[in-house]
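Chain nomenclature is as follows: A, B, C and D, assigned in order of appearance, with residue numbering initiated at 1 for each chain independently.
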Amino acid sequence: MWRDAALVAGKDLRIEWRSRVGLNQVVPFAVVILVLFGLALGPSRRVLAPATAGLFWVAVLLSAVLAVQRSFAVEAADGAGDGLRLSGLDAGGIFVGKAAAVTAQLLVLEVVLGVVAALLYAAHLSGFVMLAASCVLATAGLAAVGTLYGALSAGSRVRETLLPLLFFPLVAPVLIAATKAWQAGLQGRPGSGLGWLSVLAVFAAAYLAIGTVAFGPLLEDG
Amino acid sequence: MTYVDAGYVVALVALAVYALSLVGRERAARRRLGGQAAHRPGGPAARPGRPGGRLGGGSR
Amino acid sequence: MSSTTANAVAAPVPAAPGGAGRAGHQPRGAWRGRLVAATGGAALLGIAATVWLGLWVTPPDVYMGNLVRLLYIHPPIAWVMYLAFGLAMLSSLGYLWPRTRDLRFDRLAGAAAEVGVVFTGLTLVTGSLWGRPTWGTYWTWDPLLTTTALLFVLYLGYLALRRVPGEPEARARRAAIGAVVAFVDVPICYFSVYWWRSLHQLPSVTAGKSYIHGSMAWTMLLGFVSFTLAFVWLVVRRYRLAGLAQAEEADGLALALAERRAEGEADAVGRPPGPAPLVEHGVGLR
Amino acid sequence: MPPAVRFRDAVSLAGRFPLLAGVTVEVGEGEVVHLRGPNGAGKTSLLRACAGLVPIVSGAAEVLGHDLVGDRQSVRREVGLLGHRSFLYEELSVEDNLRFAVRAARAPVAGIGPALELLGLTGRIGGARAATLSTGQRRRVALAVLVARAPRLWLLDEPHAGLDAAGRDVVDVLVAEARRRGATVLLASHELERAATIADRAVTIVGGQVVAVPAGAAPAGRGEEPLVAGEVAARPAIVGEVGCDVA
């Protein structure tokens, strides 16, 4: 299974690297969202700086949907989805691989976005370990849920609207916990964010486990 | 009308509407399935205005 | 898996008259129909009695005044909500478990979830109608309220997922996984919102402990019982409707199968002999 | 030897539409069988069912010893399907596509080079992105995947379509070569004459059912070694060609 996961993740990342859709479209999209938040909330630093963590994570959530949709659009082209089923790869491995690829892409996006947010909202990126740890755990959870729901809605004609409807309510705990952890980090008291890290870890672990088990039946739907 | 009254009205009306819609949809489905439902023993659906209807009427 | 698939294809065809997926035994069906009707009637009487007792008979509360009267419907409705989602979860697991895989579990899960969404909406509405006079606001970010609101959108998504067209087995599997995924989120959601709230240091907004008069306790109990009966009745009716919808689908399927075979027989050169039971099946139905 | 493919009254559905309406067919190990029939008769569905892509909802179906009714996954590593679409990732190069498919199927990576060579995909085209390929080239890549994977059962859906004359000859060579290695081939094709020259016998599908098995098309003892040897010997030209190409 791990071998298959590595194979799929490598394939997805290679596709992303070749096409650069993530770099050329998703990252600018996320930056635009940060700018729009700034415009909506006004230029006051006193408003923007405390809201940085929340706005950052909302932007990540919105981008995550795009990344997941992209990840499954790649499989839908030229019958490649059938190819994936025919390939004889372990379904759990495919799930872990795709989730890992989405995680890697989102982490790159978060680095860029974090810098932009710090510049735009005049926030200090202190408590770096806290920020990085919450990013990794939160993103793993987002990618797991996203991949699961991406496969769940992939076959349908309404996937563009169905995926966000399923995805956003479910990741509410991630939004809360990641925002809180970031606030703790940004305010220079990372210790108070440890509880939130554990929420993120539980979330990621739960959905990675469910996805590994449930992905096989889901793939067979197509 | 007080908040309490409003709460009761909303709850009962919503439940009544939902129950009636279920009964209506079931009857429509049986009609679409044709005469096959004819020999079905008189389930509550076969009789008009059964519990669903009364739930609506009896809420007040 | 495929043997149950075969059942799913074949079974509803003769079962079509039964509606709920079970045909045959007329006495049993009648008995069952009467039981459902009795449940509906009891629920109706119970709710009517709860309303009468709640609005006119019971005394106003010492602290809450007349607002206490919402106590007779709001908690029972919220209880039914949890009951519904619990039932949806259990029957989804029943579907996913290979040994009990049966489309009836899928229909039950769908029915329970839909009724659950209705009750979740009512929980939110009655809750905020209670909150306005009590706390001075329709909405607070109380953990229970927030989780309930998330539950509402979560299961709206689940119902949307159920409506995505597809082969019945595939649809059922998707829906069952969706239900499990959604249900696992509920406790995580509750705890994260709870912590989130407690960090804000705002006062808890759960109802204050007040003295409950004897008649009040009985009325509340009656509320719980009758709303639960109403839930049972609604779920049974919704389940039966789903059964009818499936029978309709199976009906079309038998027709399609017969047509497809006629296409083959039209220019069959020398069809290999041998029984093709489904042909007779399909033709017999028409 | 058990048959490579055995279907009995197999029914398969797409939503409410019966793709297969009770197929009964048997193909021996090492046989090359031509599936024919009008459009929409169920040829493609039968091939996809053999690959475990389409669920069998009633009847019995067994492919290479795997019971498709119980488990559709395990058969997939042993069959190779050439479908209407070529299962390629647009952004990846031809070689990357091939490498991913071969490693996923746990086939030896060493087979990639010879496969590319056999299908004339060496040189610059090997590094080209799949999105830039023509239809014919895409099919060649898809065929190269099959060659490199060396499945026990080849499922070819209109393999000649979209290929030029040279490409069509390559397909015939590949089929003969697969047979020489003992693989079974199921081939759906509208090109009756061409298919007749490479297949041992034909099976006709209409309306999701096998309607006739012309007894004359397959001499007695179908699927057993002597027959295959005889058949191959009857077409020495092709065998010779294959020998050259592969060696």
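Basically, contacts are C-beta pairs under 8 Å (C-beta built on N, C-alpha and C of every residue); 3 or more make two chains touch, one makes a residue touch a chain.
Quick caveat: nothing in here was measured; it's all calculated off a predicted structure.
Student: Which neighbours does subunit B have in common with subunit D?
Tutor: C
Student: Centroid of subunit B to centroid of subunit C, CA atoms only: how many Å?
Tutor: Result: the chain centres lie 16 Å from each other.
Student: Between subunit C and subunit D, what is the gap in Å from one C-alpha centre to the other?
Tutor: 47
Student: Which integer distance in Å separates the CA centroid of subunit A from that of subunit D?
Tutor: Chain centroid spacing, subunit A to subunit D, equals 40 Å.
Student: Measuring centre to centre with CA averages, how many angstrom lie between subunit A and subunit C?
Tutor: 32
Student: Give the residues of subunit B touching no fewer than two other chains, as numbers and ranges.
Tutor: none
Student: Counting only residues that touch at least two other chains, what does the list for subunit A look like?
Tutor: 220
Student: Which subunit C residues sit where two or more other chains touch them?
Tutor: 165-167
Student: Could you please write down every pair of chains that are in touch?
Tutor: Chain-chain contacts present: A-C, A-D, B-C, C-D.
Student: Quick check on the complex: what are the subunit C residues that touch subunit A?
Tutor: 96, 150, 153-154, 156-158, 160-161, 164-167, 170, 173-174, 177-178, 180-182, 184-185, 188-189, 191-193, 195-196, 199
Student: Of all residues in subunit A, which touch subunit D in the complex?
Tutor: So the residues of subunit A touching subunit D come out as 4, 7, 11, 14-15, 18-19, 74, 77-80, 82-83, 85-89, 91, 216, 220.
Student: Where on subunit D does subunit A make contact in their complex?
Tutor: Touch list, subunit D to subunit A: 51-53, 55, 72-73, 76-77, 79, 81, 83-92, 96, 100-101, 103-106, 129-130, 138.
Student: Taking the touch rule as given, give the residues of subunit A at its contact with subunit C in the complex, in rising order.
Tutor: Those residues of subunit A that touch subunit C are 145, 148-149, 152-153, 155-156, 158, 162, 165-166, 168-170, 172-173, 176-177, 180, 195-196, 199, 202-203, 206-207, 210, 214, 217-218, 220-221.
Student: Help me check something: in the complex, which residues belonging to subunit D touch subunit C?
Tutor: 9, 11, 13-18, 21-22, 24, 55-58, 69-70, 204, 206-213
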